[in-house]
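Just below sit the structures, each encoded as structure tokens.
Two complexes are shown next, each including chain A; its partner changes from chain B in the first to chain C in the second.
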Partner chain A sequence: MSARAWLVPLLPGIVAAAGVTVYVILLLVVESQVGIAALLVAGVIAVLVAARFGAAARVGAVFAERDDILNLLVILAVLTVTGFFYEDHFVLLMVATVIIYVIACLGLNLQFGYSGVLNFAGAAFFGIGCYTAAVLTKNTGVPHLVVLVAGGVMAALIGSFLLLPVLRTHSHYSAVVTIAFGLLFKIFLEVNDTLGGPQGLRVDGMNVLGWEFNDNIEIGENFEASFYVNYIVVGLIVLGFAFAFVRRVERSWIGLNLDAMRLDETAAASFGLNITRWKITAFTLGNFLTGLAGALFAMMLGFIAPTNFTFGDSLILVSIVLLGGIGNPWGLVVATVMLIIVPEKLQAIQEYRFLLFAAMVILILLFRPEGLLPRPLRTYIPGWKPK
Partner chain B sequence: MTGNRKPLLASDGLSKLFGGVVALDQLDLEVFPNQILGLIGPNGSGKTTFFNVVTGIYPASGGQVKFDGADITNLSTQAVYRAGISRTFQRSRLSLSLSIFDNIMIGNHKRLNQGLWFNLVRRDAFRREFEQNFEEARELVQVFDPPLAERMFEAVSGFPMIDRRRIEICRALISRPKLLLLDEPSAGMTHEETTELMDDIFKVKERVEDLTIVIIEHEMGVIERITDACVVLNFGQKICEGTYQEVAQDSQVQEAYLGVE
Partner chain C sequence: MDIGLFAQYVMNGLMLGMMYALVAVGFTLFFGVMDIINFSHGDVLMVGAFGGLATYLGLTFLGVENPWVQLAAAFAVATSAMALMGALIGKFLVLPLKKAPPLNTLLITLMLGTVLRETIRLFYPRGANPQRFPSLLPTDAYSFGNFTLRVDNMMLLAAGLLAIIGIHLLINRTKLGLAIRAVAQDEDTAKTMGINFTLIVLVTFAIGSGLAAFAGILHGLYYSEVNFGMGLLLGVIGFSSAIVGGLGNIYGAIIGGFLFAALQTLGVLAMPFASAYKDVFAFGVIILIMAWRPTGLISEKISERV
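The block that comes next holds the complex of A and B.
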């Protein structure tokens, strides 16, 4: 009885999560291009119908009330998908890539989702994390978990060189500063022989306490799981921390400061807000997360080259934030899944994917500027109600 | 009446030039504790510029501003706020996409713990601070409008102008400033709404001890009703001061408003 009373209010959320999981599995299983196109159309229709008949609102209400349940369900969903494809390298690489991109975009979300500091060099900061991992794993014996953190710290440190121009300029102009930095970064990598030049660098796979991440997981005689499962698990743990961190930032006076600064610097300064301090905080923390994601990505891929970190890649990161819903971490998750998985599966659009992203961003900005999942008002303490 | 008391805010020869335009011209002005001072004058006479220079948004071109005995000329806006001066803006500068509570808390910056560790890790302590501030903000809003206090977590964009003005004044009052600068609170409101808002300001003034107010206003009815004294500006200079009745009789003031025949 009590278990029931506990479960029933959560039912819409659980059903929705199960539905989405099955849908993603289907999307990943189906190989025929027609089948995938049909699934995508069906997905859009299902969402529209759910929205039309209020089901989406009910699901949203459940998750707004209990976002711990949402966290749990999403982790379960990722593990289910991983379990389902346990030996499929290709699919699991995609899942891991999605996780890592979400971490990177959480960093961008702190920067321009909350504080309004535009950063069009996301791929460069991601790249700094990657190259830090490459150099450290090849040349030193630094434990690999420390390498992850080092990737983030390097990105934050190098980002601090950009602080002066970013703080002295506003909106569009500071965006141009970051674009210039991104371009410089790629050119620097291409001409720098120590960092492998255009050929790039090899990166060692992750190894934590003797556990070799790049070996398939063998249990008993006849069970063998793809080594990408290792990276998915570590990725999920890192993502969990990053997500909780970003959430807590939002649900505190700090999140309020960042919003106040983004919306009206003059008014915020009139009430004592130190604009410089909070811009530095947001920019540095954001770069840290992006660099951390980069370090994990490099160790998973085993090989990195300057072509992974172009202006186009930065734009993908920005599109994810715009598409998902500026300032809404869950929007990022949805948008990343769409932007990573759909082009991989629909071979027909592979070549045109930038065109497609651009079209999607334009459509979103025109018709739903707050993104697919608009950011809700701040709740400082989930479930808290005034007495 | 106020002759032998020390002024709370005093400007001494305060000037502000924008290129060749003289917005404030050697302005001497005194505001005494617990007073409501009306700052009036035609458009472009330097009223808002005076607020902006006092609060550090514009640097002064010359002269001095003293607040509570200390020199605050050219302090940063942040420092002026910390010293105890809060303001509202002519064009209401609320963050429309944020809730009422969020907006009021923006004004409470100096009384909130801004540490990273406190905000991100010590969530129990944060919760206590949050609850305490919520109660305080709600009580303040209740003074203005009890129904509004039940809607603290709704976006400001959904409220009419009068409520937005109330929220803006609450944002300025929550940090318990000694001096409140109100920049044309009646702008964009009907006559009835303005009357209502002025009643609210009176109520708050009664409730909050030691609150001094400077109000810029074009509605002379408002000025007549709520101010203890008035200062009239024209072309950045003080042309007259006294009670509303005295000021209204002044020939220079009538000239400034109506022009010379």
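The block that comes next holds the complex of A and C.
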């Protein structure tokens, strides 16, 4: 097969990835509020036009068929953005935050999207990861890569206290269990003096094999890159693993079981699926990913306080999952970029972000309940189409 | 323990229980007719309390100084405004999602709660800070040893009990109540009997939300303070009370409300050294109760249809 024949089918995907990269860079470069608003409007129009003329569907088809190569394209795009802003702390902080939030939301996606287990305490499990990182880096000499994993393990462990009520309850009842846990967690942090109370805790920056993540990267004399590049690279690696893992789970028989369980628990049980086992698996794995993201976030930020883990923050995580198209990891990425970067750039709406996101989710639920990028049907054989 | 101090705790517990019961009744009513949980209920209560406060401030601005007129106006405006809002929530957010998965209704009401909370925080003048709620009731007090019986608290308690009795009569003695019970029992049969389903759902939402506003003002009068975040806590507690009593059961909700208040009071009494943890304790108890009896102490009688 010639290179041409190989490249042409991929073209829509490559063009789309390049276009989105340029757009994101533009969005991050522009400082004036009017300019950002104009860019956002232009972006919405471009997407609508693309959808109207079928371009969006073609891009989607390419992504669905060749997701191996297009995954690489997306990583390239992130690295391009990082390279472009290599010394701009603020922009790189946003990029890293997006990456970390995507990891956390992948965890929620396992719970909400695949298995139908509700978790309205996402911010609490994220917070458990954060506080674990804070306590471990300050008081012990545990290697920091282990701290990352420990954050996830701790979230999964504490989450296992909720397993019994979560397993025994359904829909609204289990929602209340997690809401109560989320509120309990935040109040507990505020009144507990050992964990810093309302003032919070300081966290050490990451240090792997003597490489200090919180020092700027200096190469030679006149090249200096922001230290957030470190976190972006680690975040991307973790995200890569998490993303691949979640996709494999989705494609495998486990994902099939989870889907069956979500769609009809009674029917799934009568076909011999062990509901308890799969609910435990999804809940624990999801909390692990969320806690892992939290640990990385804490080490990057260097400071954490209970106000970062309110019920509102949990709802933002749920909004991301829902907005992106429940069960679709790619949708998560798009939704996270929107929900993290837009309010940071458009300072005018920063204060109103909870209000706007909540209103947006209400509209989505009323008019497009499947989300922005609905989850596609699973394709077992690439390129196979129903006849 | 000193009997006077004990009486004080009992009094406080009764007040709390009455408010929880009022909130829980709302949850149970909604669940009865629609089989949904309206998670914005607590925030409707909060908006109701702010509505009452705004009415009071407006009347003071207009020069109406009589506290009884102010009080009556605050109650009237807040309950009717929230009743209207409840009906609107039912019409535009809950009924359209009737056929959708339960998760969607749950999310939409949670998000509506956020919208209400944030709206008050951002757009009420200095809404991010707690607001002082005026004491409009006579503040006479009688002392019995360590126990102070305040007239205003007695009046609040009486008002709350009257509201609960009123709801009881409405549900059990009127034609409207009969229709609500019929819809709760079986929607399809109720429809074939000529009951206007949509109307009954909207009226039920109006009643429940009006009650929440009523409870909100009582809450404001009792604590002399309202803040934008109070609804979240009251909502979760009210919902838990409704669950403890068994959703769909009005008397269960009332018992649940008082039971929950008793638990909280006992928690403070038993562990005075850990009073900072009283909400942690309360939520821990909720989680435990859910683990023990997943559909409440007096559980719903359901058989799942496949």
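Just so we're on the same page, the second predicted complex is superposed on the first by the 378 of 387 C-alpha atoms of A that agree within 3 Å, B and C clash if a C-alpha of one lies under 4 Å from a C-alpha of the other, contacts with A are read in each partner's own complex, and residues count from 1 in each chain.
Operating definition for what follows: a contact is a pair of C-beta atoms (placed from the backbone, for glycine too) under 8 Å apart; a residue touches a chain by one contact, two chains touch by 3 or more.
Quantities reported herein were computed from a predicted structural model and do not represent experimental measurements.
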Simultaneous placement of chain C and chain B on chain A, clash or fit: fit
Which of chain B and chain C A:L377 touches, first, second, both or neither: first
Contacts of A:I254 with chain B and chain C, given as first, second, both or neither: first
Contacts of A:T266 with chain B and chain C, given as first, second, both or neither: both
Chain B versus chain C as contact partner of A:F311, first or second or both or neither: second
Superposed model, chain A: greater residue contact from chain B or chain C: C
Which of chain B and chain C A:F241 touches, first, second, both or neither: neither
First, second, both or neither for A:F90, with chain B first and chain C second: neither
Touching partner for A:F53 - first (chain B), second (chain C), both, neither: neither
Gap in Å between nearest CA atoms once chain C and chain B share a frame through chain A: 7
Where chain A meets both chain C and chain B, residue numbers: 266-267
Complex contacts: residues of chain A adjacent to chain B: 245, 248-249, 252-254, 256-257, 259-260, 263-264, 266-274, 281, 377-381, 384, 386
Touch list for chain A against partner chain C, complex: 112, 116, 118, 120, 162, 164-165, 168-177, 179-181, 183-184, 187-188, 191, 266-267, 311-312, 315, 318-319, 322, 351-352, 354-355, 358-359, 361-362, 365-366, 369
Partner chain A, residues of chain B touching it in the complex: 55, 57, 76-78, 81-82, 86-87, 89, 93-99, 102, 105-110, 112-114, 116, 119-120, 123, 126-127, 130, 134, 138, 152-155, 171, 175
Residue ranges of chain C touching chain A (in the complex, touch as defined): 36-37, 39, 93, 96-97, 100, 102-104, 106-108, 110-112, 114-115, 118-119, 122, 232-233, 236, 239-240, 243, 276-277, 279-280, 283-284, 286-288, 290-291, 294-295, 304, 306
